[in-house]
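Same chain, two partners: subunit A is paired with subunit B first, then with subunit C.
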Partner chain A sequence: MKRFNLNALMTRNPALFALILLVLAIVVNYILQPNLFARDTLNSNMRVFLPIILLSVGQAVVILGGGIDISVGGIVSIVNTILATRVGLEGSPEAMWQYVAVSLLAGVLAGAINGFFIAYLRLQPIITTYATSFLYFGFALFILPNPGGGIPAQIASLYRNTSPLGLPLAFYVIAIVLGAWWYIRSTRYGNYLFAVGGKAQAAYETAVPVTLVQFSTYVISGLMAAFSGIAITMLSGSGNAEIGSAMTLNSITAVVIGGTAMSGGVGGVAGPIMGAITLGLIQNIISFAQINTWWETLVKALIIVIALATPGIINLFKITSQRAIGRPE
Partner chain B sequence: MKRFYLSPPVAALLLAVILFLLSGLLPNGFGSDLNVARAQALNILRLSVFLGVIAAGQTLVIISGFEGIDLSAGSIVTLTAILTYVTVSGADEKVIPALLISLAVGGFIGFLNGAGITFLKISPFVMTLGMSGVVTGAIIIVNQGNVTGKVAPIMTRLIARPFSPEFPIPNALIIWLIFGFLMWLLLERTTFGKNLFAIGVNRVTAKLSGVNVTGMNLAVYSLAGALAGFGGFLVVGNTGVVMIQLGQPFLFPSIAAVAVGGTLLSGGKGSYWGTMAGAIVLTLITSLLTTMQMPDSVRRMVLGATLLLLISIYGRQRALRQ
Partner chain C sequence: MTLSLSAQNVVKRYGGVVALSDGNLEVNSGEVVALIGANGSGKSTMSKVINGVVVLDRGQLLLDGKPVQFNSPHDAKQMGISTVFQELSLVPQMTVADNIWLTREPLGPGGVVNRKMVTAKTEELLALFAGTFKIDLRPDALVSELPPDEKQIVEILKAVSFNPRLLILDEATASLDSRQVQRLFELVAKWKTQDKAIVFVSHRMEEIFRIADRYSVLRNGKTVGAGAMKDITENDLVRLMVDKESVFSFSRAAAQQNQKPVCLEIKDLKTATLRGVEISVREGELVGIGGLQGQGQRDLLLSLFGDISFAGSIQYNGKPVHFRHPRQAMKHGFALVPGDRAREGLLYIRSILENMQLPSWARYGFLLKLGKARQDAANMGNSLNLKMAGLDEPVSSLSGGNAQKVVIGKWLMRQPSLLLLDDPTKGVDVGTKAEFYELLTRLCEEGKTILFYSSDDDELVGLCDRVLVLHDGKIQTELAGAALTKENLVAASLGVEHGGAQ
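Right, the complex of A and B next:
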C-alpha cells in the first residue's frame, strides 16, 4: 500500500517545503497585485531580490559545510563603498569593470580571512564572523565615511533594465548559479562538502580534507557576497557603508526557509534561492495588503516564524495521530 | 609535560587590568592621578553590569548545548525596558510590579523559544532569531513612535548612583556581585545546575541517567528570557530613557562575553564568573576605544581585531586529529 509519507519526502527533497511556500507567496501576491507577471513588474521585483538571492547562495554553502557567516553584510558594504568611491558617478565603463574585478578579489580575500580563522585556527564560526564583521564594516566606513558617491547611470541602468528575451536578468543569473551548483554537486568536492557538514569528525577519519573544504566554503561565501554587493550597488547606484547591515540576517532566514538545516549537511542552494524570493514576496504582500505601518514588522516576523514552525507542527500532529491509532513510531 | 595554564576567567580579568593600566598612559588617560583612575575603573565596572546580566541568560542557554543560543535577548531587553518605563512612570511604589512584569514577560518569551525548540524541533538559532523579529514587531506596536513614562527616583538611586559618598562603590556593582553569587549557586550547587551541564555534554546520556531533558530545555530558555528581562529593567534604570534600539547592541556582545569567559559555545562547560570577566573586558575595550579619539571606522576595526585576538586565545575548538 502506498502511504503518503511527508517526512521521508521532505528529507529527500529539502527544497520541497520551500517550493510550497514560494508557490503560496506567488499566489497571494498575484491576487493582491494582478500585474505581477507583467514584464516590467517582474523585472523590477527580481532586480530587488537578486542581491539577497546571491547572498543566500553563499550563506547556504557555508551552512551546508557546518558553519555560519554573519560577516557577509560587511563584505557587501566593502564592495559597495569600493565601487561608489573608485568608479564615481562620472566614471567610465572600463573603470567600472576594473573595479568589479577588484571587488570580487576583495570578497574572496575577506572570505579567506574568515576561512583561515575558522578552518585553520579552529575558532567558533558565529563569534569569528561577528568579529570580522566589525573589521569589514569598519573598513567600509573607512573607505566611505558618509553616504555618497555612486556609479555611472548607464551602468546602473544596464542592471536595472536588461531583459533578454523579455525575461529579467536575474533569471539568467539564477540559472547560471544553479548550473554551477549542480556541476559542483556532481564533483568530488560536492561530496566532501556534504560529508564535512554532516559530521566533520567522521569525514576527517575517512580522509576528507575537512580543513580545506571548510576554508573553501567561506571563500565561496565571500565571493557570492561580492557579487551581491555589485548587484546592490548597480541597483541603488550610490554608496553607503551601512548598506549591508540589514542583509546578513535576511540571508540566513532565506537559507532556513529554503530547507537547509542549520546543523549542516542537509539542503542545497535551490531552496535558499526560493527562500530569498519568498522573503521578498512577503515584503511585497505586506505593502500591498495595506497593513497599518506599525504592524508591518510584526506581521512579517509572524509569517516567517509560522513558515519555519509548520514542518514541526505537521510532524507533531503526525506523531500524535500515530500514537492514537497505535502505530509504532 | 605540564603546560602553563591560566583559566579563561582569570586570563580575561588579567587582560582587563593590564589594558586598564596601559590606558592610563594615553594622552587623555588618568596618568598618575589615583582618584581619577579609581573613578574610571568603577565607571567601567558599573557599565559592565548591564552586559554581564544580559549575558547571564546567554551563558545558561549556551551551556545547555545542542547549538543553544538566544538571539532574542536584545529585543527582550528593549521590550522590558519600555514596559518598565511605562509601568513605573516616575512612581517609586510601582518599581516592584514593573520588575515582576519584566521578569514575567521575558520569561514568557523565553518559554515560547523553549517550546519551539523542544516540541517543534526548530534549531535554537532560527527559533530565537524569528522570535527576535516578533518581539521587535511587538515593540514597534507598543511604542508607536513614542512612549510616555519615566523611571522612578528610587531606580536611579539604586542602579545608577554610588552607594554613599564615603563608600563610592556603584550600587549596580553590588547588585551584580549578589547576582553573580546567586548564579554560582544555581550552576554549581543545585540539581538544576548539575542537570544543565549534563544535558550540555550529552543529551542522550543525560536522558538515560534520568534527567528530564524536555523540562530542562523549557526551563533554561524561560530562565534566559527572564534574565534578559531583568537586564532590560536594569538598563532603563541606568539610562533613564528608552528607545527602540536600546537592547540590540547588547546581543552579540553578550555571546562574545560568554565566549571570552571560556564557556564552550558547543555547550557542557563554562561558568558565570567567566562571563562576568568577559563582560568587563568587552566593556573596557569598548569604552577605551570611545575615549581614544579616533574615527568610528578605525574604532570598529580595532574592536573586531581585538575580539579575534581574544577568541584566538580561548575560543579554539578541539583539533580534528587527537
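Right, the complex of A and C next:
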C-alpha cells in the first residue's frame, strides 16, 4: 500500500508549497490591482523585489549547507555605504563599475570572515553571524555616519528602467541566478552541499571536504549580499548605513516559505526566490487593501506564521484521520 | 593489489576515558578477521583508528610494512580502506544513488554529474543483493524512506563502491534478515578470492564462526587474544571476551505447563504492516516473537503500547482496552523497551538519574523529593548491576549494554505487569546479555508477563516458553515444547511450512 507521505513529497518538491503560496499572492494582488501585469507595474515591482531575492538566494545556500547567516543585512549596508560615498551623485560610470568590483570583494571578504569562524574554528553559526552583523553594521556607520551620498542618476535609471524585450531587468537576473544554481546543483560541489547540510558526520566519514564546503557557503552568501547591496543602492540612489537592517529577517523568511528546511539538506534556490517575491506581493496587498500601516506588521507576520504552520497543520489532520480509521467498531 | 595492515599497541583516549589501551590488529588480503569484544571494549574505536575517523594517541599503523598516519577518513580512503559504519554514514535526505557515489560521481563535460551513469552504476551494485528486498529498492529512492535493512544494504554497497583493498564491516548484519546475511556472506567469500581484506565486527557468535578465518579479541581496550578460528571454540572465545565462564548456558525457564489464567488476548490486530494477528498470553509467560526483520513485530509491540493507531480488539485481564497514548498503557502496567535505544529509549545527553526516573517523577511529589528519587534510582542501578561513574553522568557515557540497563530499569521502577521488549539485546555484549536472560527469567517467576521480540534466534529458542513467528504481518507458526528448535524457527521465519507446529 502506497501511502501519501507529505514529508517525502516536500523533500522531493521543496518548492511546491512556495509555488502555491506565490500563485495565491498573485491572484489576490491581481484582484486588488488589475494592472499588475502591465509593463510598468511589473517592472516597478520586480526592481523592488530583486535585492531581497538576491539576498535570499545566498541565505538559501547557507541554510542548505546546515548553517545560517544573520550578517547579510550588514554586508548590504557596507556595500551601500561604499558605493554612496566613493562614487557620489556626480561620479562617473567608470568609478561606479570600479566600486561595484570593490563591493563584490568586500562581500566575499565579509563572507570569508564568517566562514572562517564557523567552518574552521567551529563556532555556532547563529551566534557568530549575529556578532559579525554588528561588526558589519558598525563598519557601514563608520563609512557613512549619516544618510547621504549617492550614485549618478543615469546609473540608477539604468537599473530602474531597463527592460529588454519588454521584460523587467530583474527577470533576466533571476534567470541567470537560476542557471548558475542549476549548474552548481549539477556538479559534485552541489552534492557536497546537500550532503554536508543533510548530515555532516556522514559526509565527513565519506571523505567529503566538509570544512571547505561550509566555508564556501558563507562566501557565496557574502557575494550574494554584495549583489543585493548593489541592487538596492541602484534602486534607492542614495546611501544609508541602516538600509540592510530589515533585510536579514526577510531573507530568512523567504527561504523558509520557499520550502528549504532550517535544518539543512532539503530545498533549493527556486523556492526562496518565489518566497521573496511572495513577501513583496504581501507588502503590496497590504498597501492596496488600505490596511492601516499600524496593522501592517501584524498582518504580514500572521500571513508568514500561517504559511509556516500549514505543512504542520496538514500533517496534524492526517494523523487525526488515521487515528479515526484505527478505531474499533 | 594485496594489502597487509597491522595496528600495533594503539592507545586512544577520549577526554579522560581510555577507549583503547593496547589495541592490536593484523589483517591481510584474502582473509576475514573477526574483531570481537564486549560492548565498550574498544572495537568501534579500533575500526575508527584504521579508517582515519579518529587519530590515535600512541602506537602505530603499518600498511604494507610501512608506517602510515591517517588524519582523516580521506587519507584512509586514498589507501583503499573503506568502512561500513555501525551508525551508517548515509545522508537521509539524499537518494540511494547519490549517497553511494558521493565524492566519486562520474562527471560529464563542465564538471556536471552524469546522473544517468550514477543510476546505472547503482543498479549494478543493487543487483548484488537482488531478490533479498521486501520492496524493490530503487536508485532514486530517498534514504530516509527506506526500512533499516535496506539502509544497511545501501551502506554496505557504498563501502563496496570504493572498490577497497580493506573493507571494515562494523556490525553490518545488525539490521539484516537471514537471507540478506546469507547474501552478504556469499559476497564476502567472493571478495576474499579477489584479494580483499575484511575486518568483521560483530556480536553474533554464529556469524563469526561462519565467516571469519581469524579472530582478534578486545577486552577493556586491550587485545587479549588472536588466532585462527579453527583453533578455538565458541565457549573459549566468549571466555576471552568476558572473562566469565559459560555465559550462554542460561537456564531455560522451567518448562512446566503454565496453568495461570490468560491475561492478554489480542484479536484481529491490524496496522499498516499487520494483517490480523491473534495472540493469547497467560500470566507469567515469556512469549517470544520471531521472524525476519520488519514482518510487523515492531508494529505489534507499538500498538499494544498505544504508540501507533490500529484496528482490532485487545483484552487485558478480562477487560477490553484500546490505548491511544502510551500514558494509558502505562497506567495499566505496560512497559515498552523500544528497538532504537538511542532515539526512543533514552534522553542521551541527560543524566542516568533523569532517564531512570522519567516515567516515575509523578510519584515524588510536586516539589520533587530528590533524595528519595536518587535512592530509588541507585537501588535499581545496583540490582541491575549497572556500571556507571555516578547517577549524574549522562547516559551517553555508558556502553550499549549499560545504557540498555537504564532503559529496562526506568520501567522496572514502575513495577510493570506486562513488558514489551523490542530486540532488547541488539548491540549488547554477551556478558550483559547473560544478565538480561537471568533477569527476564526472574521477572516471569515473579508473575510478570513478557512479550519478547528478538532478532537473535538462539535467544528465542533458549529463553522462551513459546515463540510466535511473524511472517508478512501474520502469525505464521507457533512453536513450543519439542518443536521449538532453531531449525523450525528459521524455516518458519522464511515462510516455509513444516510439520513441527502444534
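Quick note on the criterion: the second predicted complex is superposed on the first by the 318 of 329 C-alpha atoms of A that agree within 3 Å, B and C clash if a C-alpha of one lies under 4 Å from a C-alpha of the other, contacts with A are read in each partner's own complex, and residues count from 1 in each chain.
As a working rule, contacts are C-beta pairs under 8 Å (C-beta built on N, C-alpha and C of every residue); 3 or more make two chains touch, one makes a residue touch a chain.
All of these numbers come straight from a predicted model, not from anything done at the bench.
By the touch criterion defined above, A:Ala195 reaches subunit C but does not reach subunit B. By the touch criterion defined above, A:Thr128 reaches subunit B but does not reach subunit C.
Looking at the shared chain after the overlay, A:Val100 reaches neither subunit B nor subunit C.
Using the contact criterion defined above for the overlaid structures, shared-chain residue A:Ile273 touches neither subunit B nor subunit C, since it reaches no partner. Of the two partner chains placed around the shared chain by superposition, subunit B and subunit C are both touched by A:Tyr204.
In the superposition on chain A, A:Ser186 makes contact with subunit C only, while subunit B stays out of contact range.
When the two complexes are overlaid on their common chain A, residue A:Met247 makes contact with neither subunit B nor subunit C. For subunit A, the partner with contacts to more residues, out of subunit B and subunit C, is B.
Applying the stated contact rule after C-alpha superposition, one finds that A:Gly265 touches subunit C and leaves subunit B untouched. In the superposition on chain A, A:Val299 contacts subunit B only, with no contact to subunit C.
On subunit A, the patch touched by subunit B and the patch touched by subunit C overlap at residues 201, 204.
If you check the complex, the residues on subunit A that touch subunit B are 68, 117, 121-124, 126-128, 130-142, 145, 200-201, 204, 210-211, 241, 249, 252-253, 256, 261-263, 294-302, 304-305, 308-309, 312-313, 315-316.
Interface residues of subunit A facing subunit C in the complex, by the touch rule stated above, are 1, 3, 5, 8, 11-12, 183, 186-188, 190-192, 194-195, 197-199, 201-209, 265-266, 322-323, 325-328. Against subunit A, the residues of subunit B that register as touching in their complex are 67, 69, 116, 119-123, 125-127, 129-131, 133-134, 136-138, 140-141, 144, 252, 255-256, 259, 265-266, 295-305, 307-308, 311-312, 315-321. Touching subunit A in their complex are the following residues of subunit C: 53, 72-74, 77, 83, 85, 88-94, 98, 102-103, 105, 107, 110-113, 142, 144-145, 158, 271-272, 309-313, 322, 324.
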